[in-house]
């Protein structure tokens, strides 16, 4: 998702105007490219603020027209930028269907759709995803270093945490049903009048959010609620443990010795190593 | 709990129809076995959804009859599957009293019991535990690797976290009693009208759930509540620390090569290494 | 606190009846000692339950007399045990003023005091601290291993976490005062009618408890509340990190190589070591 | 921020009265310096308590005058201390514009300003930042060891956690808008009557604070809320993982000896080791 730019770079070795614009618009390793990215990020942030504030009744009543105009200006700018990207990019199809290509498109489409379908403007907050480009700006600045490792560690953790969330959901479904019987059927607590409603309460509790809109009233219900809280307290540790262990490995790796083997050029030795682990040469 | 299948595998070396069905039903290392597991998991998930939705008053009123029929279809299918398992398995007794054997049985019994005892159908959500088979499907796919290590790390953490939860409960009992005196007896706050009620509030607070159905009203009570929150904030770290440290050890272990250098005997090389990092000898 | 028993052990090498009782009552390394500890822990747990349930209005009305009698029976038993401990222990003064000596005394005193001062019985929940002996039973069973290391890691973390909590409190005091001005003075929100009240709200929020009895009502107040939540979300990581890093070191240590140096008998080498780090002998 | 004192120390090698006062006032490595710091910290803590309690309506009504007088006494003392610091310090300008120099100034200014601008006294709680000097007292006692490493680890984590919080905010903005449409527009839930309001609810939920002043009412809204909670539950792990991994590296580092074996050049011995664990040579 964040690494498909180096491939494009190979296609853009020329020095024509199109390639120079490509470098500014798609990368941020030049002064102009960085300035472009900062300007773009500012525009995106402003446009999201406008979309959000427009929904506040008092602001809508007072400045509705101004916000409508601003929205069209932002959309015009982003449309121009989208067409510019399409013009300069080499493999048009692969940009069009890339993560950012789709996000860029969805970020301008709804404004035009509102001409036919009122209510589409809320989709515009998807623009917030365009802000993810900020990672690229930062990554470049740091020479693809630790930020990338953290992303890798998080990606490595996702399947494990998903399995874990599934286990938490199973516990919540069983205890939620018990609560439905104890609080809903026996005690007649309106907040537990169906199993889905009780499971919702269970998730609100085990995630320690605890709105309090639904709460047990009987001693038995409170006892089971206590169990769910203690389970939640104990197992919140697991996803944290998974991410930390992965990050730990990644960070340890990057802080490995940067000595370069004089024979084979391998970098990333154990700080305690005396010989290159790849070619056996003295280092 | 997840490892008792390899023992069975030894008993099933033959190639009769029973053994081939056994392999499909109990393992998921073949294409047919995997398809069977995916189908079964889908059926289980659907049946749980049906059990849950049936309790929603509006749905019950509209589609009550349909859901009743669906429930009997699911139970018939699961009963057939249960009998099939019983037929193909070698050691019938050890399956009957294994973790999954008991769960499989409890997952079909309640529907029959509802003929005599109305209200038993809620026990059917225990079927959610059958979904734990999903771990097996995933574990197989990953060749028993990291997933198993995470389970080991969690199992190693459970006794330590239990001891820790006991300590948290002790603190909560003492501070809950103090709150009963300060808020319940002195200030007459109805939410603290007994020690168990105050301890319930204490657990709701220290686990950071915080429903707000019971909350201190006096300055002294609020001060003690603050203490409990800060304690909770500080000690939520401990179970996380335990799990993480265990996971860390496990993950580090599996990523270290156990090859021994024939020259200097060094163990713990990088899996990618070709030469001993200590003496430079070929490994 | 948990390690002062080995010193006593040295004073009790004899085989008289007093020393044998001492071993049963103070240690749990014999069958009788373990049975005594389990019986004692059960009695303590029951007596705490009685103290707690006695405060529930309905139970008090129905079984008040029975609970009063039970309480005197427990106190009589614990008094007998206290006198027995005093008789068999060698250094009476050091037991009297030790952590457990004081707890044992406070666990029986209040019942007698209720004859003169009604209301003292609530102090009896302090008996829950006597349950900490459970750690000793478990530690013995595990041969002083990992449980002890976890305690050490937690003890090593306490000063660091305290400093950290102090930092969190500083942030909360400043942001709480800002909220007092914004919500209390300007908007007249009754929940923020003084700085201590606003700081209380701040702690409820930053610890993610979130009762909801006090909540911001103005847009500015909600914005500042959002800041506090995000800060709380970011910094809850720090105490966890401290405990985990300490535990990690401890657990790594105990899993060190258990090879014993043939020359000096040193145990606890690096698994990769070839020579004893203490005497330089080949291992 | 905490390390700029050693530079000053070099300028103060003399033994004049000014230099001796400088050592007492700015450092805490002498008995007098420590006593001064403890007295100052006590005064600051008391003055903050006075500022806070003054805002409680009942206390204000009863002791308003006394608190006003106390406030002027504290300000007089702190002004004297500020002038003393200015007199003894070598580079006056660098103290004036240092972190502590600015805090010290803001801690006395508002009392004088209240003569012209009522309401300025609330700014006085900024004095709580002066309490950060407590870190210095503690750091000195520990010889600049682990406390400093923890600070470094936290500083190393801040940019990564900031990026992460940005990601969390993006998710919250998108899901908050979905909730605005589902709960606010379609179901007419007053708590979701604008996007900013819905995003506020999203942050309250994803940070697991969960006031409950705004809560979803429709099944669809509750389902999306559940998603946000599970996401929050899964990703709270990330900042913790980052801090822990950093701390882990720092703590491991400081506990490893940097002695180099004269025979084989191995670095990273146990601080207690007398012989190289790799070649057995004396170190």
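In this document, chain identifiers A, B, C and D correspond to the written order of the chains, with residue numbering beginning at 1 in each.
Here is the rule we go by: a contact is a pair of C-beta atoms (placed from the backbone, for glycine too) under 8 Å apart; a residue touches a chain by one contact, two chains touch by 3 or more.
Note that the coordinates shown come from a computational prediction; the quantities given were computed from them, not determined experimentally.
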Rotation angle, subunit A onto subunit D: superpose the C-alpha atoms of these two copies and give the value as a multiple of 5 degrees. 90
Greatest Cα-centre separation from subunit A belongs to chain C
Counting in whole Å, what is the centre-to-centre distance of subunit A and subunit B, each centre being its mean C-alpha position? 27
Round to the nearest whole Å and give the separation of the Cα centres of subunit B and subunit D. 38
Find every residue in subunit C that makes contact with two or more other chains and list them. 196-197, 208-212, 236, 240-242, 244, 246, 248, 272, 274
Subunit B contact footprint on subunit D (complex, rising order): 208-212, 240, 244, 278
In the complex, go through subunit C and note every residue touching subunit D. 159-160, 163, 166-167, 170, 173-174, 177, 180-181, 185, 193-197, 199, 205, 208-212, 215, 219, 222, 225-226, 229-230, 232-234, 236-238, 240-242, 244-246, 248-249, 269-270, 272-282
Contacts from subunit C onto subunit B in the complex sit at residues 48, 51-53, 55-57, 119, 122, 125-126, 128-129, 131-132, 134-135, 138, 146-147, 150, 153-154, 157, 161, 165, 168-169, 196-197, 200, 203-204, 207-213, 236, 239-244, 246-248, 250-252, 255, 271-272, 274
